[in-house]
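What follows is a short report on a single structure.
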Amino acid sequence: MVSFENDYIAGAHPLILKRLMETNMEPLSGYGTDPYCESAKKKIREACVCPEAEVDFLVGGTQTNAAVISSVLRDYEGVLAAQTGHVSVHEAGAVEYAGHKVLELPHKEGKIVPSVLREYLALFYADENHEHMVFPGMVYISHPTEYGTLYTRLEMEEIAKICRSYEIPLFLDGARLGYGLTSRRTDLTLKDIARLCDVFYIGGTKVGALCGEAVVFTKQNRPPHFMNSVKKRGALLAKGRLLGIQFDTLFTDNLYFEISRHAIDMAEELKDILRRKQIPFYLESPTNQQFVILENERIRELKKKVMFSFWEKYEEKYTVVRFATSWSTTKKDLEALDEAL
Amino acid sequence: MVSFENDYIAGAHPLILKRLMETNMEPLSGYGTDPYCESAKKKIREACVCPEAEVDFLVGGTQTNAAVISSVLRDYEGVLAAQTGHVSVHEAGAVEYAGHKVLELPHKEGKIVPSVLREYLALFYADENHEHMVFPGMVYISHPTEYGTLYTRLEMEEIAKICRSYEIPLFLDGARLGYGLTSRRTDLTLKDIARLCDVFYIGGTKVGALCGEAVVFTKQNRPPHFMNSVKKRGALLAKGRLLGIQFDTLFTDNLYFEISRHAIDMAEELKDILRRKQIPFYLESPTNQQFVILENERIRELKKKVMFSFWEKYEEKYTVVRFATSWSTTKKDLEALDEAL
Amino acid sequence: MVSFENDYIAGAHPLILKRLMETNMEPLSGYGTDPYCESAKKKIREACVCPEAEVDFLVGGTQTNAAVISSVLRDYEGVLAAQTGHVSVHEAGAVEYAGHKVLELPHKEGKIVPSVLREYLALFYADENHEHMVFPGMVYISHPTEYGTLYTRLEMEEIAKICRSYEIPLFLDGARLGYGLTSRRTDLTLKDIARLCDVFYIGGTKVGALCGEAVVFTKQNRPPHFMNSVKKRGALLAKGRLLGIQFDTLFTDNLYFEISRHAIDMAEELKDILRRKQIPFYLESPTNQQFVILENERIRELKKKVMFSFWEKYEEKYTVVRFATSWSTTKKDLEALDEAL
Amino acid sequence: MVSFENDYIAGAHPLILKRLMETNMEPLSGYGTDPYCESAKKKIREACVCPEAEVDFLVGGTQTNAAVISSVLRDYEGVLAAQTGHVSVHEAGAVEYAGHKVLELPHKEGKIVPSVLREYLALFYADENHEHMVFPGMVYISHPTEYGTLYTRLEMEEIAKICRSYEIPLFLDGARLGYGLTSRRTDLTLKDIARLCDVFYIGGTKVGALCGEAVVFTKQNRPPHFMNSVKKRGALLAKGRLLGIQFDTLFTDNLYFEISRHAIDMAEELKDILRRKQIPFYLESPTNQQFVILENERIRELKKKVMFSFWEKYEEKYTVVRFATSWSTTKKDLEALDEAL
């Protein structure tokens, strides 16, 4: 069956599998100390235009969020995130498991609004009881957000400025970063992100890899013995080559950007189809995830032919559902959807 | 200076100090195994009309909340609480430190609204992604709440019923329980609470003791080796006698209720004074904490003569402040306040 | 350069890569809900001759140890392990990070001695202070051990019997299980292990997979919502297919056992070479890891031609080093080593 | 019955109770911000001859150990302690609950031997695998130890020197510090301890207070927002006055030293009695805890008249037991023991 269920329905981009095959029998040392990891780190530093960046490879998103957040936060701090942020809702309490509170902020289409952040911080320090409260010690944003929306450069500049004025780091969850960077409606580049964030990650799992997220500390601020902290959290992969080779391939000849752009092209065509069918959008998403409102009856019918995701209840008889494209989506998939609708 | 800053401004009720003196040189075994603890437990079981209750003594409220919540929750669960709940805001992230998320619900004057709780739980299980979410594994309420308000018996019955239908325990934070039980506008008795809650605690620190909270598991549901869990959390007092003697005194001849009622009487007189001065109440509180709205200018003046607490910003020029009475408040304190206002 | 550095120097067994290629473009649902995971679980249950077994796939060994141990232990319990156990020494404190103590027992060639275990447990409960101590709540053994040694069936029966008499689960770390099961000097089968252990895992990472460990709960004792606990620990792989396809391949046509047996054959030839060169063994290992004592001088020379691992200091001028074979070791590798020696 | 069971069998020194009475009705602000805490801190700084010391009051020993250790350690570090250290054995895993490993060292009569410490650290950094191990990040010693023994000044100097050369802090658990400082066989002063340790605490619970431990950071090295970390661990007492007044009293007119010296005098008489009765000592203790070897039969008899503690099994028919004196021990207690023996 044709599937728009999410952006990790397929295996890996064929070029990645090819490289895994080619290098398979080379004896390599473990835990990220192999030359492919080295090469991938170099290419990522270049793509970020950030020569001093420190890059590490972890396996998955939840793991990366928990490891970065809990390694960077001080004992008395928590992390600020949108109420809809992945760390707030869909990670089974992984940040709390690491002993820190997620301080939830109201969101606008999945985004933190700079003025809301500013006011939160001002009020926190104005509160005479704040010594008994969790200190805001980091700002977490996802880009694209869980709703497919994007921060503008201006918004990011504002948020980064607020973070700096309070001396708290800005952390960007880029599980779907490729789909943000290649959106037709963004003015934020990878270089901007490396400049504005203190730490962020470049998602592999949802952008063509079997698994893998590349964490980038941009300001010579990698926690000491970070890999030991990663090991302690059970997040250090023995065969680091699996991550190194994948990211080395993704950052060779712009593959990461090209396959992301393909997903965006597919998403734009998907939007045309949905519009033509007069299906109302839940919000305007410029990336690979599209949220629409469907009648429950229609959902039941459509599910027989196409896979997609339940998102949230809308009204008695209506539901918000998600269609996601990815590097693996084909024209044929879209035609099948068109027909099914 | 006269103080309405909180309900723990004084030492202990004189009868408690007297008993500490009288028993001081008796050699007693430690960690709560002395006869005074035994006697206090017996009296508490009787006061609760709950012969099967299991009672333990801990030192303070945050500690008790964290120890009970994290000992009772299962690994994949979090605790539901009002956004304004003590565990949500003013415990420096103690529940999260224990590895569990506080799932915050909107509140009404500090209380959880039964219908809101019911809907939250229904939606949680309706969400297809809930396997990646923190499971609601306990309901935490405070009574009186942080705003001095009280649950009615009907509300408590409803909440307890919802908890039972989802098989999750109901935990009541009674840091100020005495002031709730002796309010002139309550229909909830200690017996009701023992019947409706799975676990609750009777606050000593804020009701006449130097320190101490009596945890009551009501349904033969005390976690196995609970005192080891308490020790592991650094919450087991070596000289358990200090807690046993205090609670034994508080539950002899109704002392706990009498000193609580005194605080309520003082609070009612305080309310009369505030009303006479035409100071607007922030909300209607039937217990020992009274929240009023004062002009910032007036606050500055009043602070020269009377101690009270900043609560929260109201408007540009107005602030919500709190006046608390306690077992130690005197008529003279009220007269001084009356004059200062 | 030829390498005996460890058993994870190569990528994956070619048949695994082939299956990853063949299935690559199939749209599959995530998090272990795909049909390959289902099929792999079925085959593992059959290989274990344990139809009621519950099987889950995790990514790596440290992660698996921490997730299983901390999900199974009760709050007041710790895990018993040999002083040399992986969880005791080489996991950066992952079990402690999860809030539990590793109770270290003296070892014999990496193994727990049943009588030592029995005495520890008897003494623990005889100690009048044990209510302030960490309760022994699980026994962790590795098989093969970190020294390549194996438990006999009799030893395992004894340990399992002790565990049962104290009602604590027995957990076997099988990161290298294949090399134990196919050793020429073992009387323990996979069926025995499933019968005697309460939970164990079948290592993939070190036995031919890119990554992956298959956890087997054998007694209908899988913790409720275990996958949520796994997610909470950042250990749930989005593309569960990567694990399912690998284990499905490993447990098709006995591949897991055949490639393990190959490693054992190579190890036996390696031992012959070492013996011929009159290099003293540190201990007698019947599996794929061989520990020998070399002069420091000779180590320096040999390192120019062959890769192997430092293990521990032996004497001033001597060091214990490890040579490991694996499914990927070739006759040619052995010839190169023979020559280099 | 006369009791030598431990050094916390009685309430508080009468002068402490007297001060609690005298100050009882003063309205004071909470959480350690009252003038008695301030005064006590000043006196402790003076007693330590360490004007830059930062002093905080916590409630109990396990709590203090866990809070200090886990606030000071970095994520990848554990704490070195003797195998017999209180944090290693009798705190129910409180340090591990805080996410850190206790790295256990062999002991000599409860003490860490400087050369053993030095070798451990040298070997750790020599081990090529140490990036996967818990880094030694603090040294924990107790003084007096759990066996009543004392470090000499020379030993302390050596340990402090080793700590400094590895840049790890030295933490001294002084739960019974008074009994060490006033021993007839010590050359270590409070000033020495403040000079050599990075952080230590002065025990109140076992030296005349109802509860309370005074933590002293000596090198301007108090973790930022330490009280928030204390609150997060549920260890912040609302009525901080209870701790402030007690320590203020203990450090007025040398009370702490005088009552400790009394316990030592009683211990020396106790030793004379035991010697006269030709009861063999398990080890030579110069402080208030005395360990002797008794026949099991004799223990049963003696327990009818005197309370003391089981310590550990010695041989089939013999057991090590402990007699402890304290500030509250009287001549009459000793006479009763003499007679009972």
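For reference, chains read A, B, C and D in written order, and residue numbers begin at 1 within each chain.
The definition used in the following text is that a residue touches a chain if its C-beta (ideal position, glycine included) is under 8 Å from a C-beta of that chain, and two chains touch if they have at least 3 such contacts.
These numbers were taken from a predicted model, which means no experiment stands behind them.
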Subject >> Numbering shared by both copies at the chain C-chain B contact, with half separating same from different >> reply: same
Original post:
More C-beta pairs touching across which pair, C-D or B-D?
Top reply: B-D
Subject >> Geometric centre distance via CA averages, chain D-chain B, whole Å >> reply: 33
**OP:** Compute the distance, rounded to whole Å, between the mean C-alpha positions of chain B and chain C.
**Re:** 49
Original post:
Where the centres are mean C-alpha positions, what is the separation of chain C from chain D, in Å?
Top reply: 41
Original post:
chain A: which residues touch two or more other chains?
Top reply: 76, 91-93, 97, 99, 132, 228-229, 231-232
Original post:
For chain C, which residues count as touching chain B in their complex?
Top reply: 70-71, 74-76, 99, 131-132, 135, 223-225, 227-229, 231-232
Subject >> Residues of chain C that touch chain D when the two form their complex >> reply: 76, 78, 89-93, 95-97, 99-102, 104, 123, 126-129, 132-134, 309-310, 312-313
Subject >> chain D-facing residues of chain B, complex >> reply: 1-3, 5-6, 8-12, 14, 17, 20-21, 23-30, 59-67, 91-94, 97, 205-206, 210-211, 228-229, 231-239, 241-242, 307, 328
